[in-house]
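By letter and in written order, the chains are A, B, C and D; residue numbering begins at 1 in each of them.
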Amino acid sequence: MRYLPHTPEDIRAMLQVVGAADLDALFASIPDDCRRKEALNLPEPLTEWELNGHMDNLAAGMGASPGTKVFMGAGSYHHHIPEVTRQLLLRGEYFTAYTPYQPEISQGTLQTIYEYQSLVCRLLGMDVANASMYDGASGLAEALLMTIRVSRRKTVAVSRAVHPLYRRVVETYFAPTGFEVVELPVGQDGRTDLSGLKDLGELAGVALQSPNFFGCIEDMAAAGKMIHADPKTLFVAAFSEPLAFGMLKSPGECGADIACGEGQSLGIPQSFGGPGLGMFASRQSYVRSMPGRLIGKTVDRDGKTGFVLTLATREQHIRREKATSNICSNQGLCATASTMYMAALGGTGIRQLARLNRDRAEYLKASLAKAGFSSPFSAPTFNEFVVRFPDKFEETWKALLEKKMVAGLHLEPYYPELSDCWLMCVTETIDRDDMDTLVKEVTR
Amino acid sequence: MRYLPHTPEDIRAMLQVVGAADLDALFASIPDDCRRKEALNLPEPLTEWELNGHMDNLAAGMGASPGTKVFMGAGSYHHHIPEVTRQLLLRGEYFTAYTPYQPEISQGTLQTIYEYQSLVCRLLGMDVANASMYDGASGLAEALLMTIRVSRRKTVAVSRAVHPLYRRVVETYFAPTGFEVVELPVGQDGRTDLSGLKDLGELAGVALQSPNFFGCIEDMAAAGKMIHADPKTLFVAAFSEPLAFGMLKSPGECGADIACGEGQSLGIPQSFGGPGLGMFASRQSYVRSMPGRLIGKTVDRDGKTGFVLTLATREQHIRREKATSNICSNQGLCATASTMYMAALGGTGIRQLARLNRDRAEYLKASLAKAGFSSPFSAPTFNEFVVRFPDKFEETWKALLEKKMVAGLHLEPYYPELSDCWLMCVTETIDRDDMDTLVKEVTR
Amino acid sequence: FNEPLLWEKGSPGRTGISLPRRDVDEAPLDKALTGDGPDFPDLSELDVVRHFTKLSQWNFGVDSGMYPLGSCTMKYNPKTNERQASLPGFAGAHPLLPERLSQGLLALMHDLAAYLGEITGLPAVTLQPSAGSQGELTGMLIFSAYHKHTGKPRSKVLIPDTAHGTNPASAALCGFKPVAVKSGPDGILVPEAVAALMDDDTAGIMITNPNTLGLFESNIRQVADIVHGKGGLVYGDGANMNAIMGVVNVGDLGVDVLHLNLHKTFSTPHGGGGPGAGPVCVTPALAPFLPVPRVVKDGEVFRLDENYPLSVGKLHAFYGNVGILIRAYSYILSLGKCLKQVSQYAVLNANYIKQRLKGDYHLPFDRPCMHECVFTDKFQQEHHVATLDIAKRLMDHGFHPPTIYFPLVVSGAIMIEPTESESKETLDQFIDAMQQIAREAKACPDCLHESPQFPKVRRLDETLAARSPCLKG
Amino acid sequence: FNEPLLWEKGSPGRTGISLPRRDVDEAPLDKALTGDGPDFPDLSELDVVRHFTKLSQWNFGVDSGMYPLGSCTMKYNPKTNERQASLPGFAGAHPLLPERLSQGLLALMHDLAAYLGEITGLPAVTLQPSAGSQGELTGMLIFSAYHKHTGKPRSKVLIPDTAHGTNPASAALCGFKPVAVKSGPDGILVPEAVAALMDDDTAGIMITNPNTLGLFESNIRQVADIVHGKGGLVYGDGANMNAIMGVVNVGDLGVDVLHLNLHKTFSTPHGGGGPGAGPVCVTPALAPFLPVPRVVKDGEVFRLDENYPLSVGKLHAFYGNVGILIRAYSYILSLGKCLKQVSQYAVLNANYIKQRLKGDYHLPFDRPCMHECVFTDKFQQEHHVATLDIAKRLMDHGFHPPTIYFPLVVSGAIMIEPTESESKETLDQFIDAMQQIAREAKACPDCLHESPQFPKVRRLDETLAARSPCLKG
């Protein structure tokens, strides 16, 4: 087997040094009653070529972009990924390195992640960003737990317009803790209704998502003011589509204390939902309460600039049960990919790309409205929006699958009150012709 | 455009330094009557994504392996290529470097090609190999010109069983030179008939291919003896399938003075016929008459081992019209690929792989014979062989295309005397099931 | 050469990306909502290529050389796995595609779970956790849910001092109070110590086996009996599974819940810190508590099932790090039954190093080890040379250092895990380097204090970094 | 660190490849024909990965930094081109596939030829030559065939001293005697010099334009008239086409035959020496002499046509380096009309360097240059510092050296071609480095003699290599 270098001669020589009669003898310290009796019941090893054929078959059984036109976002976005990113990521030096415990021979990872942290701060308008979390959902859970650590309060409020699957992960994280999560309702316009906030008592944190799950852009600046009416309450700004900050006010500009969300949009393949990138940033004053790894700049013995893992005293291998989180890795390669992507995009590029996403989505929204399918919500949207379709639309939707189109996400399972509504998404990968085709199909 | 870094501001600043009013003024030294009047009539630039779509469409219009089962070799072989080779070749340091003129910062290319030369010598049983030629065909032409330089004679003889397309390239190279190429006939058994050799006068060189175009393994040792009956005649051993030397006697063992051929089989994609790899090796005594680049081992100022381009005095930039050849590059990246491939294959691997190629081809040969389709030739073969099919086979062959099978190469255009014959090829990529299917189809 | 930071490069208006053509009108948006966009540098494509090519060259990976980082299982990351994960059908798949259009990956996830069940002997498997630590969290959530369901919430969890560092934090996240269990003089757990601490307010125990000393917890069955006897559960940290595939059926040991690190045992790339994947395998009795959705097979069709009312819920917005699962699946299919050889050779390699180096370095527990061995700097301390110096000097020999100062129970620990990927020649070169360093420690301690000499930077001031944090530019 | 040679590694019986399963019996073969197989080392997949990863790290490429190698046009090699060339439909295509199954690549080759015809103004194009030098050979074969066809075989070819180095060898291969033409005092060809040599036994002239001094041959039309007047042909070496795309229509200049280097102007990777591709573009009158087969379009169908009785024949067994053609085609489609900007910026960059460095280095021809500029070491010779020292010192600054000691007409030439890929910042860094070296030449000549200091090896003994050749191990 090409991954296993030992020849029979090597094994013989090494066993002799070790003083073991055979390979089985190496396991002498395992009591008999702990030994496995039966052989592993696994398939015969496949050759590299058999594996290729097998995987090609499995992949062919997927309705993936770009072959299928997917008008669906909901936390996973099909954006173009430059070939440059793909090829650079394959460089073994990045790819096969571990967490940079030994900084002298890890400056590649370290400088890259330092750049990642910096670009994330710039994108989100925040003071400090960590080296990344698992995904947007667990990042939000960690953010809410962080508001509890910072404020020493016990209740958090989360908008019902936050991604429903993120809210379920928050529930999971909170279930054994005894802390409480209350839900903030959605108003008629599709934005979070904060009018009841003052009745909720002492809140550790309030989380809104913008653009929210319905694609609506929340009035985050106004929300920030309302939330900070209680100065001890932390404002958590969540997101699932960071590309929006190419044109929207950043969370920091709106007064967010913590900004967190999913960074998959920034150069990471959808891969059936993961791996993604949990982006996580906060104000400077909260840095020591922040979960996750941090890279800092320093100097070596000769005064030369270099980068290291830092503020590890917050972490579990030192603080053990008092740690800010149990997370001990990040999504290193995904953070690297997003750094490459943000570097290629640049400030000018992200402005243009964000605009194009919005403008194309507005085109579809307007075209559908003209065809008689309007949105239940009036708030402005970015690259996703909700449409109300007539009763029998489910049939049309299924018929469109046969034509390799996924015409949005049915909201019923997530919001029973919106059972006739569908969440549509248009990114730069969907062009005008695609949208015209869709409109023609749904109106026929 | 993402390949062009200049911003308007950069251009302005640089023009000012240069003292040119605008970009056009840079071309002031070009007389007006030499200036192009009309703009380039080329398509609008495609975005990266449009290009992907366009190229995917073109590629989809090809009947390529592995989607199509191609029972055809004839100088281009479908062998498995490990993913390792593909990914390592994408490393920019290999890929974007030029000819290693500056050895201090080119040791990667230089050591790799030194290893290539060494492995080629081992494979072919020769003393010295160059850094590669363009392809097997032009390599053969260069080899025959070399026999003329070495022997100072004017006529070469080439077997009719040498790849017909290689022979056409030889013709092209020889056409303006005044030197003569005579053809050696093929015997009943499918091997070159050397019985008339002694009547051909003073030959500079004699070229045989083994396995030859019909897949037949020539008796190269015997041929070598007959050719060397005239001690001044050079024996040129050509090949199009070097994998055969995993089990056959090497050209060197058979007395070849020059061994040359196509190395595409060794880890290089078929790519519609190119780029391939012209492998070229000779006896030590002829090294200074050899065309092409050579890498040699030496030491640096501190006595440390290093590698350099060497014996450049044979080359055109120094010897100009007296050079051994006008070739001034090699197929560097293909030679690198083959080095990686030979390294991964190893001695044990190449023996096993060569065996498997032969054994599978023999299985098909035997199955076809059992079904009534026999070979016109009796000589042993490696992974290709000739079959005689009945009159109407052309229809069957076309019908099989619809079933994504290319059932061999019709020999008629190349050998009118074999108009009912087809050249079949079986490599390790064709398994027993594929062969059984083919036999079933051709007999139905 | 230094490579400037990204924002020290570029020129406004330059572009490194190909933007699609604009084919629709601009839609106005309320100025109150819009911002200026981020202050990113504008680079060309070549700027980007050169920047990251250069940065990567300052990194050491498994592709660069031996990387014997104990407890991290730095084995070869096969290149073919990258091909598979990047197939457009997988990489371009939206997680909420209708099941009809997701059969390929659902089948893959279903079968991968079955293989992991077979390898561990714990047949009910979730693939959702994003990393080992989230796997641990999942395990603790199951502990919590199980005890709540059986009507007796419990408040403590036992954690031996030889367990992985994340264990206490994971337990704490679920509201458990970690209680330390001291290991015995042989470096392994003593049943009596567990019995003394186990009570009916203790949810269970978290055991790393083989433990972080590289030793097999040979009393594990007795320990499990004690814990089970008090109604507790046994959590196994499977980070060290690379030592025992095909040799031990973890289910037989009395373990109820086990997480795996796919980026350790199953060869997925570490990527400078992640992404990982931390599947959790449990006994059939605990299956109802696993996260949802679960992949189930109905006849020939695979679908996602949410209908498990006792489930701990969701750990990931979708199904976890599927891209990583694809790689692990490829690895398992490539090796099949040979996974047992993987463990045999990993253990052989560790014992070979242990045997060859034990004259030069102090071996605190001289007994057959599993896939890693732990030395200390005791012999070198005499010459004022510490573990850190030895580690840094290894860089000058072209090796990545082992894990150092861990496990905490051993002072000045040097924890070496070669993995099965390393050949005997490479091990011999590593041993030579270690022996040379041992000699140098006597002859020239300062040479070690001044190491490393060859990497891009020398020892870095970590105190400065922590005291005046500079976390962005 | 040194990396051992391949055969110094490995262990017999180890394997680095995945062999298909044996599903047929062994077939015996006459012992007289069989051998032992080659003495290759047996390595694991990881051995292979590490070996070539390490070797690659000792190489400098365009991805590593500025590579201003004059006359080689070391521009950025776009990554997307690699994606395209490796599409399975292309990479897995057999060259003798029936036309019905080859339409994609035939269409691509057809259109690429048309684009190159448009760019050069010479509309009849063959894509077959494998590199520039084979393109030159093709051109000379066409010269030879043309004169033979018109009944007057000729024996000589004029070659200016500013032409590319391969020109004389290419002419000689076709039996022509090269006759040198001295360039004038401005570094360009003087019509009178050509008129004096051109006679009716001279097949024509080979002109590199822009020439190797980076200057446009502004008398080319007069020269062409003289040559044509005597029945000769004009060959253009298009290696420097990167300077004049969209600016000059080569066909208008009187050039009859021109080769292009796709690995120069059209961004295909150099790969450490190849593969290249050297298409040849000719006037309609010379089209019948082009190599066969040619791709033709019948209605909507593309096919290969062999039926050109005057053709010089075949230069390649199949159709040339198609994999390279795919990349060049991708590049042309990505830039389209912007190819003119490519040339403008390439020329701007060269003039900028020329202007900024001309105080520090001697400029033998101080006139506007095209895409490259040629300096000499004249100023530095006073301090016993030569071109070679300057080149080697540039390595210590992180740059690849320019082409040196070429063209031969300039003593101690330093030939700098930045290409359009380099940004102003990078050019400024390069200029800074060159200026620093100029200062150092005065202050510390020995620092330059002892350079380079930073690469893996220092200056190598080339004499030893040539005197006692060691060409294999």
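The rule we apply is simple: a contact is a pair of C-beta atoms (placed from the backbone, for glycine too) under 8 Å apart; a residue touches a chain by one contact, two chains touch by 3 or more.
Just so you know, these numbers come straight off a predicted model, no measurement behind them.
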Problem - Intersection of contact partners for chain A and chain C - result: B, D
Practice task
Report which of A-D and B-D is connected by more C-beta pairs in contact.
Solution key: B-D
Problem - Whole-Å separation of chain centres (CA-atom averages), chain B against chain C - result: 46
Practice task
Measure off the straight-line distance from the CA centroid of chain B to the CA centroid of chain D, and report it in whole Å.
Solution key: 20
Exercise for the section: Any chance you could list the residues of chain B touching two or more other chains? Expected result: 1-6, 10, 48-49, 66, 80, 82-84, 86-87, 90-93, 344, 429
Completion exercise
chain C residues touching 2+ other chains are 11-21, 44-47, 49, 53, 57, 62-64, 76, 78-80, 82-83, 421, 423-424
Handout entry: Footprint of chain B on chain C - complex, ascending
Key = 11-21, 44-47, 49, 53, 79-80, 82-83
Practice task
Mind listing the chain B positions that touch chain A in their complex?
Solution key: 2, 48-49, 53, 66, 80, 82-83, 87, 90-91, 344, 429
Fill in the blank from the handout: In the complex, the residues of chain C that touch chain D are 1, 9, 11, 14, 44-47, 49-50, 53-54, 57, 62-65, 76, 78-79, 398, 421, 423-425
Handout entry: Parts of chain A lying in touch with chain D, wherever the complex brings them together
Key = 1-10, 47-49, 82-84, 86-87, 92-93
